[in-house]
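Chain IDs A, B, C and D follow the sequence of writing; residue 1 opens each chain.
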């Protein structure tokens, strides 16, 4: 079963089969947020909405607490997770800060300086 | 006989579209990027094809997460601009060309490419941002009909770089055998180096990007030999989408003329690249 | 190392399922068909694999008409029985094997097959009728987990017969390299000759069907060389779905042992065929 | 554009690109009938339902009048058209009769006699 194993590269998520399987319900929830009516329903009762999509307890906690790192670890794809961030008015650069332990401003500055070339 | 007259490779970072939509292209962080585009835009405005083919990926906007085609082609009359969660970009919907779509489908399936057809499809920034890079002010309509070809670059295992290049070659042959258009433009989108998640987020690899910009013109075979693992290592987990440039390149002739190249870091978290090729070059052996 | 232990080719006519569901299998019009199945069923009941792969097509029940994959694979934990418009068949849902699905996907994509993944999928009679042909009384569960591989046989251009056979061969290699199962059964479904619409509706071609039943064992290359046009002409517009038998056959060894063959006209509007092969045969060169 | 042209075989429909394009709305309508709620809505007001799915006037007439032959000619796929027949309690053998100008009983008898081997 080696052929399924993810690319092992430190600090890098690869959205492979097992990951997408683990994160399936959560990613479906995130994708639903492209619909305005569903965004409203989500915001009105986030935990009920998570239950409706069949999220695990850990996934529900990650979503409710906006634990972005945990969402990735629980099978979230960054493109889906980002939809929740957008709903919160957060940018991809904010998320970049979270994932790298920087403030958003520091992350932006690092990008403007040519990006992180040494990682 | 239809002729591919040009190929355009360009990043499709959503913030490039947002900067245009919000009139921020003159601001210091954005101006260098858009200045870099200008010569290509000028040339493209003089070289409008009858139809274009745009190779892109959907970012969880047009297609449900439970369906992931390795390669797909749109065959709709019209592609609506997707609402990605913050309203639709104020750009025109895309007029398609189903006749050419079905011609390509037929020829590609006969050559052993197992495409999925979409007869309805909303197109997201992966599609509309490259159109905006090409045509900043489309008015009511894009310059010509455009056909989407979709590649799975998000879900591992992506098609190999070699397979993408082969698809491009077959696409070139399929276009050549079409009687319904005189001139065709082809866009390959995505990249360049970037990684959005993980502690390596923000990763940029200028050396790799410059090598890629050079080789896409002169030595695409070399790029086609890169493995998924190598692409993720060198270009970042999202930089692997550069495989879509190879579909475009495969549809061009062996020798092409570089019209313009631009490279800028950053567009948001991404190294933005552009390469424009004129395909009307006499071929030598 | 997993081993394909058998291959089963069978029609998937909905009325075969309906006859079973309504207890009509003893009636004169149906009895000969089900008597013909019995030796295969007995043998299969003694040879239950760890997992099975079922090659089929959806008939506008599980997949929207605006999305047509040439080849797709299911990667779900469970596949629900579809409601085709008259309630769900009273048969068990299908337990999947996502681990093997992703293994197959990875290997097939690496070999240049451009599959679409379905992570959710309802399966229709094209899937459940062959399961019922195999196992008439499943009780609460089918004998083992089953993975769907879907082929576009409804929408022209279908994949060529040759491409289906190549997919089968690649599938055989992918199965062989899997560590998670000892034994695998594979089903190819559809056919035999039939045409549902047009003034040629009701068309049956016994000679072609008997040739196909013989050649699927001994000369699959010959069948793989049939063009779409030839298949439609000889087997009827819906008989072209026989290309799915070639995916099954490709996954078996060059030499197989015929366990049982059955042929009966009609099941509803269709010539029903069954061919069962034991794949555990010493290969000679 | 020869490569797109359908197989030309008398008395035979090939559901190719141009056909599927022509019949797209109608086939979507037929597919919707797998949903019980939608079946009820369809039966309550068939012409409104046709309008909702964007059927052409000809297609609407074919559906309302159960003109099975016309449905095929207007881009219907037999697998989709059949869903409407099922809703009416009609079988594929009834349709076979319609397409070949036979009664259902005659069509059934022809199949039981070994099928139509001479067409």
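In this text, a residue touches a chain if its C-beta (ideal position, glycine included) is under 8 Å from a C-beta of that chain, and two chains touch if they have at least 3 such contacts.
Just so you know, these numbers come straight off a predicted model, no measurement behind them.
Across the two candidate interfaces, C-D and A-C, the one carrying more C-beta contacts is C-D. If you average the Cα atoms of chain A and of chain B, the two centres end up 25 Å apart.
Distance between chain A and chain C, defined via averaged C-alpha coordinates, is recorded as 39 Å.
Centre-to-centre separation between chain A and chain D, using Cα means, comes to 45 Å.
Among all residues of chain A, those that touch two or more other chains are 16-17, 20, 24.
For chain C, the set of residues that touch two or more other chains comprises 65-66, 105-106, 110, 119, 155, 157. Chain contacts in this assembly follow no simple pattern; the graph is neither a line, a ring, a star nor complete. Contact annotation for chain pairs lists A-B, A-C, B-C, B-D, C-D, with touch applied as defined. Interface residues of chain C facing chain D in the complex, by the touch rule stated above, are 15, 29, 59-61, 64-66, 82-86, 154-157, 193, 195-206, 228-229, 232-233, 236-238, 265-266, 268-269, 271. Residues of chain B touching chain C in their complex: 65-72, 105-106, 109-110, 112-121, 155, 157-160, 163, 166.
On the side of chain D, the complex with chain B involves touching residues 1, 3-4, 16-18, 20-21, 24. Residues 75, 77, 98-99, 101-103, 105-107, 110, 119, 177-180 of chain C touch chain A in their complex. The residues of chain A lying in touch with chain B in their complex are 6-7, 9-17, 20, 24, 27-28, 30-31, 33-36, 39, 72, 77-83, 86-87, 91-93, 95-96, 99-101, 107, 110-112, 114-117, 119.
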